[in-house]
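Consider the two complexes below, in which subunit A is the common component and subunit B and subunit C are the respective partners.
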Partner chain A sequence: MRVRSAAALAAAGEREAAGAGALLLAPALCLFALFAAALAAFFGLSFRRVDPSGAVIGDALTFANYGKALTDWLYLRTMLLTLQLSVQTTVAAVVLGFPLAYWIVRSRSRLVRAALIVVVAVPFMTSLIVRLYALTLVLGNTGLINRTLQAVGVIGPDDFVPLIRNQASVVIGLIYFVLPFVVFTLASALRRLDLTVEEAAQNLGADEVRTFFLVTLPLAGPGVIAAASLGFALSATAFATPLILGGSAVKMIANMIYDQVLFVHNVALGAALAVIALLATATVTSVYARLGAGAAEGPGA
Partner chain B sequence: MTGEAPDLELEAVSKRYGDAWAVRDASFRVLRGEFVTLLGPSGGGKTSTLRMIAGFIRPDAGQIRLRGERVNEVPPYERDIGMVFQSYALFPHMTARDNVAFGLKMRRLDRRATARRVDEALALVRLEAYAGRYPHQLSGGQQQRVAIARALVIEPSLLLLDEPMSNLDAALRASMQFELRQIVERVGVTTLYVTHNQEEALSMSDRIIVLSSGRIEQIGTPLDVYASPANEFVAGFLGRSNVIRCRVLERGGALITAKMESGDTIAARAPEAAPGEAVRLLIRPESISIRPAGQSGENCLQGRVSQVAFMGAFAEYVVDAGGTALLVQEPLGGGRGVRRPGERVTLWWDPALAVALRGAPPEAGRP
Partner chain C sequence: MRRRRTPAARALTHAGRVVVWLLRAGALLVLVVPIALVVGLSFARDAYVVIPPSGYSLRWYANIVAERDFLPAFVVSLEVAMIVTAVSVSAGSLAACGLYRWDPPGRRWVELALASPIMVPLVVTGAALLVFLNRLGVTGAFWNIVIGHVLITFPYVVRTVSAALSRYDAALDEAASGLGGRPWDVFWRITLPIVRPGIFAGALFAFVMSFDDFTVTVFLIGADMKTLPVAIYQYMEWNLDPTVSAVSAALIGMAVAATLVIERFVGLDRFLGIR
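Take a look at the complex of A and B:
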């Protein structure tokens, strides 16, 4: 009797624990439902027709928004520019970030390591908007660089080198934005790398350069792919960086969607552009993920 | 001595990290074709010594010479040394074959010669059938064979092995010891082997270098270091020893007679000790034989069995001889039974098997 009641109690306890678990999950599920509903609504809008005030006309579904987004050079150009700037940013961030991450992981000096981490991580702790305005103070037409060039006499006193509101400034801003993510992703990959494997390569006659390209880099491959994927996704969806550093001269896809929704009131076209951008980013990221998984498992695995 | 320089020579090599000496004033030579073992406890400086020879760390003082040439500043990739790492350090993204071929590719050997030598090396370690496998598809023992083939295929002037058996299970370790020695002999490569395992050192080496706290305690053949340990550390690290404090009474030839603290007189080998000097006698448990109680004569001690341990092929006793506890091993072959605690016995040993150490006893922890 006693045994049975104990078992019953235990079973009841388990049921209660499972119930409590579901209860704890509920807030997250509610939030998720909200996001899903918003996305679904936006997705639905992309197949509708709207009047110039932004109101939906009728119940008919149409592919016209997608047709316009994919054939009008204005939008195509923005998408291609977004792709170009994101690729440039990703490549630059990985190339710049790899030595930084390597140094953070390999430095024997604790001070050097801490200093590097602080340099990379501090931007994390300030608002992106603040950092971008700080960049305009340096890159602007009357900014630090131009004034220094004037003072040194490289350019005339009223002259300036255009360092802002162009593609280069947006790429610089994007690199600044994604670099910490890229460096930390690479660092965690490099930290897992066995140092003695590099020693073995050197022992077998590979100098530092060949050791790096034949052993370190291939083994860090999955980390590089993960970092590049993250960098690309962050760049491709950037909004504030092109807005502040590119202004009206350089618009990326997020700015184009924003303009469509808020200024042109063409919510449907904005929605279609958003869906296309989402699909494009998801495709690139999943290709990266597949590449990364393949590299991690190793050939023949 | 011929005019040929030893394959490896260390002269007064030291390395310190902060205040701690990793290696202190180490000097030794490894001659062509020799198998020499660096033996010592972890933290004894073995691995630091090996890493200095391989070129991964630089000595603070002293000279390292490979075939007569000073290599202190030569980077590891120009030293022509093969190394087997404790973790094997195989390249995980390359097949066994590509791992073995790596060193030859670095030497820009042509493709046909590379393929031939890789095949030979894989055959040497009996891994031909596994050439296409990746390291994670190989067992620990197979990975070790790949590591050995990879180090030997470049025909190095010196082969370094850093605790290669420590990741293998006991049965595999025993067979690999034998096989490694065979492989090395067949290739004829000069070898420096690092281990903390005294059995490996004794069974495989031509000579053993005993290291402790960064210092060389003794260099000698396995028989030398076992039978004539230079000090209590060596005696204690290679097997077990009884240490008996006594004072030299007189000497005759290489032998001395000495008085124990209990008053008994015993004999030992001590070529240098002078009468009146305090010495410590080292005697191995298996060198002491047990005779029926009451026997008298030279080197006979009366005692009582106080502890008994049955070890299978032999029994181990602690015998109390006039206040000195002595560890004694007695073979159990031929139907002899295990002795009982309390049994009275006579202990005897050949004076040539007892070694007298001179000088002050070591401080605790470090000779």
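Take a look at the complex of A and C:
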């Protein structure tokens, strides 16, 4: 057996580790290179002109697509609508999700806890298309809600409340889509809170409502911000939900990008819209990373 | 000792409790009702969705096979998800180990690069891949879908395996190398067994995400090549019969099974980041 000094051993170990490290990272970095190349090719088109068939015209660079995306009322309206529906969804999902997350974390019964986690996890694990189809059966003109309203006599037997293919149905669908993400993010943040602080507040005379608003909520702040940012990012880039529940009546930015690329064949404008959408979500994601650091690390964390 | 409360404070507390229970009930209704409804309606007898059903039968489950669209799409989804899981788990786990064992100069940038596909909206990734792969002349829909799914899933594997590694004691590595273990042996015999739960969580996540993806896939499908979520979407656009309810109920059954498997092997709260 060779005898090596501790220093030589450490140096050799570091060199080997560096070599092995580069080798271990190589496959994933190749995947990243592919991803980056695809994005670069697509985003490059946003500075080009295309003819109606989608072919690039000439080599000249132009900002016309950005100009159109940011001044044409059709696209501006879509962006504003995306913003509005996402904010509505985020507020509703956090308000609905917080009590549920709190219940999951604080319940003394293992059975209740396990049942609640399963109730949130099963929709989380179910295909989104399936969940949206299920929601059309609840919201449709002859769906569960309208049939129930008819049965109890709130509306006539042939009347219905329009709950599908409008903004309300898209917001309901988005809440349904993001709620599991929001609940799990909040639960993982709430779990880190020290229960004794709440008890101390109550022992000092604060009632439950005051304890919640003055102690629990401020402490849970970073978790709430993380959950809200995640909910917002998911809603603002949602594609399937507005497609199925909004149809042609309610289009969000992702649907607009899809239409431009696949139906209108204006890939250049689609690319400009994509760059704008990416910058907007990247801003929110970085806020999420900064404000909610450590509050939620996603699955497996 | 608690102080006595005024009636107003008591009323406020009471109202607060009522609001909390209403919100809890609301959240549970949103999560449970659609899934329960679609499972119930999958056993309906009627030729289109009627609430409540006039009777019950299994005919729409039989129709899944008769429709000829769903089973091939299911097989495609399964094949894609299995290949994607294998590739993403390999590349993602190796990268997580590389990041952990080796502190490259630009470590933060490498981490950011490997996490970047998570930050890009799926619709942008899908459109970009469509444009890029078309330009390269790559037109095989099956492999395009696989590439798309690998790109959106491997960052999650990097994340789950990194999380498992952060709980791992580096001294074990040093001990193994000090005793003469080569890097590969150390990796295979020491590191891998310890990070197995993280790999398992990443694999499940990659599989489920690939199997369920609609947004990236819809850009990459071919005329005769589609996955199950796309087949379901196309069917429900043109048909009102409850076949989709039956397919949905079957997929919900799979989701329940997956949930139980995760609970058994990883622990749901750990998988979902609650713990």
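Keep this in mind: the second predicted complex is superposed on the first by the 269 of 301 C-alpha atoms of A that agree within 3 Å, B and C clash if a C-alpha of one lies under 4 Å from a C-alpha of the other, contacts with A are read in each partner's own complex, and residues count from 1 in each chain.
Just so we're on the same page, a contact is a pair of C-beta atoms (placed from the backbone, for glycine too) under 8 Å apart; a residue touches a chain by one contact, two chains touch by 3 or more.
This structure is a prediction, so every number in the text was calculated from the model and none was measured.
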### Message
Tell me the contact category for A:T185 with respect to subunit B and subunit C: first, second, both or neither.
### Response
second
### Message
Is A:A22 touching anything from subunit B or subunit C once the two structures are fitted on A? First, second, both or neither.
### Response
second
### Message
Looking at A:I155, would you say it contacts subunit B, subunit C, both, or neither? Reply first, second, both or neither.
### Response
neither
### Query
In the superposed arrangement, does A:V87 touch subunit B (first), subunit C (second), both or neither?
neither
### Query
Once the shared chain is lined up, is A:A249 touching subunit B (first), subunit C (second), both, or neither of them?
neither
### Task
Once the structures are superposed on A, label A:A64 by its partner contacts, choosing first (subunit B), second (subunit C), both or neither.
neither
### Message
According to the stated criteria, A:Q202 is in contact with first (subunit B), second (subunit C), both, or neither; which is it?
### Response
both
### Message
So in the superposed three-chain picture, is A:L219 touching just subunit B, just subunit C, both, or none of them (first/second/both/neither)?
### Response
first
### Task
Would you mind checking which one, subunit B or subunit C, touches more residues on subunit A?
C
### Query
Where on subunit A do subunit B and subunit C both make contact?
202-203, 205, 207, 298-301
## Note on the structure
Listed in rising order, subunit A residues that touch subunit C in their complex are 9, 13, 16-25, 27-32, 34-39, 41-43, 45, 95-100, 103-105, 114, 117-131, 133-138, 140, 142-144, 147, 175-176, 179-180, 183-185, 187-188, 191, 202-203, 205, 207-209, 212, 237, 239-240, 244, 254, 257-258, 261-262, 267, 270-271, 274, 277-278, 281-282, 285, 296-301
### Query
Okay, in this complex, where on subunit A does subunit B touch?
194, 196-197, 199-207, 210-211, 214-215, 218-219, 298-301
#### Entry: Partner subunit A, residues of subunit C touching it in the complex
1-3, 5, 9-10, 12-13, 15-17, 20, 23-24, 26-28, 30-35, 37-38, 41, 49-52, 90-92, 94-95, 97-99, 101-102, 104, 110, 113-114, 116-117, 119-125, 127-133, 135, 147, 150-151, 154, 156, 158-160, 163-164, 174, 177-178, 183-184, 187, 198, 201-202, 205, 208, 211-212, 214-215, 218-219, 228-229, 232-233, 236, 244-245, 247-248, 251-252, 255-256, 258-259, 262-263, 266, 268-275
### Task
Please give the residue numbers of subunit B that touch subunit A in the complex, ascending.
54-56, 75-79, 81-83, 85, 87, 89-93, 95, 102-103, 106-107, 132, 134, 136-137, 150-151, 154
